[in-house]
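Two complexes are shown next, each including chain A; its partner changes from chain B in the first to chain C in the second.
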Partner chain A sequence: MRRAPVLFLAIAITLLAAAPASADISDTAVKAAFIPKFARYVTWPPAAPARTAGQMVLCIIGDDPFGATLNQAASSQSVDGRPFVIKRLSSAAGSGDCAIAFIDGSHAGETLSALGRQPILTVTDARSSSARGVIHFAIVGGRVRFFIDNAQAQARGLTISSRLLALAIGVNQR
Partner chain B sequence: MRIALGAVALGSILLCAGRASAEAVAEQPDLSDLSIEQLAQIKVTSASKTEEPLSEAPAALYVITGQDIEDSGVTSLPEALRLAPNLNVQQVTTSQYAIAARGFNGVQAGNKLLVLIDGRSIYTPLADNVIWELHQPLLEDVQQIEVISGPGGTLYGPNAVNGVVTVATKSAQDTIGGLIRGTVGPEERSAAARYGFSLGSSGAMRVSANWLDREGLPGGVGPDSDDDMRGWQAGFRTDFGGETDAFMIKGNLFHATDDLLDGDRLSAHSLNGRWSHVLGPNASFVFQSVYDWYKRDVTRVRDSLTTFENNAQLNLTAGRHQIVAGAGVRRTNDLFINGLNAFAVVPERRGLWVYNVFAQDRFAVTNDVSLIAGVKLEKSSFVGWQLLPNLRVAYQPSKRALFWAAVSKAVRTPSRIDRQLQLPPLLLPSTDFDTEKLTALEAGYRGDPTSWLSLSVNLFYNFYNDLRTTEFLNGATIPIELLNGRKGRSYGIEAWGKAQVLPWWRLSLGATTLHKSFHVVDSRIDLQPRNSLGADPHWQVVGSSDMDLTSKIRLTLDVRGVGPLDLAPEVPGYVEAGGQLAYDLNDRVELFVAGRNLLHRTHAENGDPAASQVAHRTVYAGTRLRF
Partner chain C sequence: MRAFRNPLREWRAAPAAIFLVAVAILAAGFAIILQNEVTFRANRDRQAQVAAQVLAGSVTAAVDFNDPAASQQAVDAFRVNPQVRYVGVFDRSGRVLGAYDRAARSALVDLARLPPPPESNYRVAVPIESAGQRIGTVIYEVQREALSRRLTRYLTLGALAVMAALVIFTLGMAQAALRRANDELSERAEALGQANELLAEQMEERAKAEDQLRQSQKMQALGQLTGGIAHDFNNLLTVIQGSADILSRDDLADDRRKRFARAIVQAAENAAVLTSQLLAFARRQPLKPELVDLSTLVASMTELLDRTMGERIRIETSLGISCPVTVDRNQLQSAVLNVASNARDAMPDGGTLAIAVSNVPSGSGERMSAIAISDTGSGMDVETASRIFEPFFTTKMTGKGTGLGLSQVYGFATQSGGDVLVESEPGKGTTVTILLPCSDAEVVAEAKLEDAEVPQQARAEILVVEDNEDVGHFAETLLSELGHSVTLATSGEEALELTRARDFDLVFSDVVMPGMGGLRLSEQLAEEKPDLPVILATGYSQEIAQSGSGGRPVILKPYRLATLSQALVDAMSASGK
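The block that comes next holds the complex of A and B.
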């Protein structure tokens, strides 16, 4: 009985210390923040739309887990002064001007295949797809990390900086 | 009275949500100024708390996410399935459950549900039921559980009559790092450990083990039995592959004992491999192979089963057509020795085959309207080829709404019990017991009318034929035989909604109704109607509240009300509640207290006269450590 006030005090202090209330950060929000930032650590071949166009086209092909979160994350980012525009596609058709493509959903493998060897930074997520793009998101110890398929990057004519490679869980060199 | 309460609750949800809708959208902190190294250090919740993207599947679908399971504080797969409003979950003993969608629930009657864990089908050919106590996966591994009420369509294998439950565990690539969990309480204790690591440059693997110790339930409808359970399960999963090929291999060991009789034990193991291959821009295939074994020695009954299963599925896209075609073969060898009483399954040991072949075309008639036509052919050792067509139409006026309607045929293949259970001269084997047949009419809506609200409403009208009856062969004297003497209809509504009332508060509410009208043909008499029709509630309501009280404290509460069981008058309706209070001590350690069935000391859920115990109040405290 004597302990009860102590317990309540402890709970009150905990609650105060933790305030103000805010939601947990979801993995989706962190992935959305990552995707436009990847552009800074990737070099596209000179003829690629990612180098020649006036804007960086960020494509979501298939399911869209991000919604407005990605638009928000991309709006504050740019590459050499060129802003991002987001393009949502249901299949690889119309992907010619994509610089980055996040590919999700049950047809991710076919979409990757349909992109052929285009100079596009392909991104997939282990949570929802067994198909693997150049960058494949995964959760490691409760944090968002990724695998990098450097062989696929090279086949697409992309060069990935060592700073990004250093953050990868695994790098497929081949 | 109850309906009025529900309406008031729903009304207040909608009111609150309306006020908060503007805030609910932009809840995430700004991450744009962080470096990629800083982003890689942010502790995240492992699954999105917002709604899963609207699935295009034109069926009555409810998705339970891994995060929902962790927040609810449940410790077993059947308890997790209570989160789905379109399932009725009845606890029978500490570890035995009867689970059904759209009726026919019970220990004997619950034979119309297909359950898959990572593509491994777990219903048994002995009675077409699921022995839930054999399946104790580490719940932290679960990515999501899809619960479809209704026949589910062409793409699911045999036994998908009234529902399909698909449990998908996380990719090994998504569980790198360590996890330790322990819970302790007067009624149950558990411990679990998992470690995941990258394998080579692109693969990953995890190994895990969990241990459980549950006290027995008090006797209720049935006599009190020593149904406490202790056991462990260990397993691994590895995922690897590259751009065009992906491989998954998964293995599992399980062992448990109870105190019903000396020597009672359950053992199981399984191995499961899957190969996904991309053939080109418009084609891919998946091949899956499963080996599964279990043995139950319970109350002098030995039941053991070995299963080999192979499935292949081809996906093609051609213009406006999305075609899926596939085939599966399942070989089972089972042994059933009854040392408890004189009922026997003859022969004791029997091998059975089940084959199925299917094809489906999803044709985009316009940009909004799709027509899905599929046909499945199914054959087993007991019955010849069955033609099971289904036709669906989906109308998607926007990304936020899906209207659908379907007509499908499904059958339940005769089980060993249906055909070969006997006790001469009392009960004769039923050598020509036929499939139970269903023609289902369904329609539904699923959508997100606003950014903070998602809704789903489904209607069904089912016509059943050739359901099992237990009848005297000559008027009112023995022998007895199992026959296909019953037909009838059932119909009902399933509806649920989720509202993000405030950025930190989510509410959900779901309700189902079920009406059954069955009769035995030619005015014959069924001696055991409950064995075939089950004992079902005519209504069920589930609600939950999920609050992030602070950035470190989460409170989840759930309430369920279940109506009285129609064919088990000894089981009245009940209202129960549970929940979990979780506190993140830091970004590695989580502490929680949780409870189930908190409102009453005990309550009955199932009316099996031989086995049923009563569910009891359960509380425990625990911790989860991630590194």
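The block that comes next holds the complex of A and C.
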């Protein structure tokens, strides 16, 4: 009995995924879904705002390719009962309380430099930027995948779960 | 005695206990198998659950980030376990992310289209959770171990239990059988003991019965003996009394007086034979043993035997070489005559009497001389043959035999250290063999038979010692008749005093007397007056029969005038008077 709605949902999603929608839109949605999930496989240093604040601040710095999609994805996620709050910034200024920062746009490299060594999980996208954050999205085999710069993560005081590392296309070790 | 037990109950109780133990072992064995199976199933289920959970944990990130390659990699790790039949990782919507199917049945099929597991497989479904949310499902399927394989695994244990039960049962049965055998054995031993007691009782009873029988036989024999003696003596006494009555008449003619006197003498002689035979049977006659050669003795008896046997019986003698024997010659002659007269009576129509003398080795290796006397007469049955030595037992008509003849033969032979054998069969004659032990001494020439005439002799002073007054006076009369002067003493002590008071030429003493007897008197006189000759007279003396007379002449009562006279002459001449 309980299976029926699950089954229905599964079929609906499958049909949806198979629909001839724009690849960009689909990839962006996947990335939007991925970004809050990364929080589960990352451990911030104890003094970081990601640990101390009552909410997880997800910052979009520069261009915002997601729009409402990210808000939607983040609203269904939480970390240790703390909900996500989306904060859109144009530069590194005001990024002090960010736990995760998606950095996009032409000034992505500068922004990354400006963030220095703050304990922020930085995420970049190969589609729009050559600068690499701790996690760097790429499309491989038609699917959204990512690189992980473990050295940068450690420099920022972050610990990344091996389960996440196992999914990376490549891991930059120190 | 062992304590009272109920063997039946024991026998029944033992196998029941054994049976229970065997059943308990079997039950325990099967309980262990069952427990094993239950544990095994629980283990298997738990292992499958754990494996699925481990997988679910490891693929959380892969499912989170929708990574089929990583999911497939995690799934492929289970290939190495041959029992794993299917592993599948599905996302929240049931889309397959990674799957491994050993049978290649349904690889990479979404959850909705996944077929149900076959009967031989066990399937668990575990949710994949991330941050408290269900993000997917892991399906894990292992092959159940086949029943036959499980049974094979349990067969060893089962067989062990069965074997243990069998061993217990067998041992128990053996133990029970042993106990039963033991019980039977002790019962038998008891029965044997009882049988033994019974046997001992029966033996005792039989011994008692035999004693009683012997006693009654003894009384019977004694009655027969006394009756026989009374009968024979009454006959003789009738003759003597009658003759004496007639002799006491005054007007009796001389020839008739002599005839009746001879009748008395004859009766007395018969009576003397009777008593001597009785004594011979009783083995208490005073024997005068001398060396005798049996062949010579039989040869000297042929004329006498011829006369005794009569004309219709032929006598054959076979006188072989035999060793000399030391016996009483007269008794031996009597024995031969007794056997011969029995043989004659057994052959009323004539026949052959065979007498054979030979040496025979006896059973103990001692050499024996034998006189075998055979007849061709009527023979005897076993019953008769077994009784012929009993005194007064006779098969002859009343008055024809005394029943003492063979008793004398038996008494004489046994008293002389020998034996008598009787072989007989009805219609086939009888052989009586007298066995006598060989003597080491040499035979001397046979002395001449004494003349019955009364020898002449000088007058002598004779002391007669006799406690019986009648016999004393009779002796006095006889000696006076012979011309001697006689003094009468009635005891040994009186005689001793008389010999001290005056001189006598000879003492004639009875042996058996109250107080000092003849033997002690003669010994005393030998010390005091060694030159005084002593003659002893006795009817029967145990002392003389046992230890002899110490070389002194002995005359047997009843004695006759000639015997007494000869003894006097011999004694006087021996002492040089």
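Here is the rule we go by: the second predicted complex is superposed on the first by the 149 of 174 C-alpha atoms of A that agree within 3 Å, B and C clash if a C-alpha of one lies under 4 Å from a C-alpha of the other, contacts with A are read in each partner's own complex, and residues count from 1 in each chain.
Following the convention adopted for this analysis, a residue touches a chain if its C-beta (ideal position, glycine included) is under 8 Å from a C-beta of that chain, and two chains touch if they have at least 3 such contacts.
None of the values given here were measured: they were computed from a predicted structure.
Chemist: Just chain B (first), just chain C (second), both, or neither: which does A:Val79 touch?
Modeler: Only chain C is touched by A:Val79; chain B is not.
Chemist: Check whether A:Thr69 is in contact with chain B, with chain C, with both or with neither, and answer first, second, both or neither.
Modeler: So A:Thr69 only meets chain B here.
Chemist: Let me test your reading of the model: by the given contact rule, A:Gly170 touches which partner, first (chain B), second (chain C), both or neither?
Modeler: The answer is first: A:Gly170 touches chain B but not chain C.
Chemist: Quick check for you: in the superposed arrangement, does A:Ser161 touch first (chain B), second (chain C), both or neither?
Modeler: Second partner only.
Chemist: Figure out whether A:Lys37 sits in contact with chain B (first) or chain C (second), or with both, or with neither.
Modeler: both
Chemist: More chain A residues touched by chain B or by chain C?
Modeler: Comparing touch counts on chain A for chain B and chain C gives B.
Chemist: What part of chain A is shared between its chain B contacts and its chain C contacts?
Modeler: Touching chain B and chain C on chain A: residues 14, 30, 34, 37, 41, 77, 143, 145, 163-164, 167.
Chemist: For a test of understanding, state which residues of chain A touch chain C in their complex under the given definition.
Modeler: 6-7, 9-11, 13-14, 30, 34, 37, 40-41, 77-79, 143, 145, 161, 163-164, 166-167
Chemist: Quick one: in the complex, what on chain C touches chain A?
Modeler: 58, 60-62, 64-67, 70, 93-95, 110-112, 130-131
Chemist: In their complex, what parts of chain B are in touch with chain A?
Modeler: Touching chain A: residues 25-29, 31-32, 34, 36-37, 39-50, 53, 143, 170-171, 173-178, 198, 200-204, 239, 241-244, 246, 248, 276, 278-284, 315, 317, 503-504, 548-553, 583, 587-588, 626-627 of chain B.
Chemist: Which residues of chain A touch chain B in their complex?
Modeler: Residues 14-15, 18-30, 33-34, 37-38, 41, 63-65, 67-69, 72-73, 76-77, 91-92, 106-107, 109-114, 126-127, 130-132, 136, 138-145, 147, 149, 151-152, 163-164, 167, 169-173 of chain A touch chain B in their complex.
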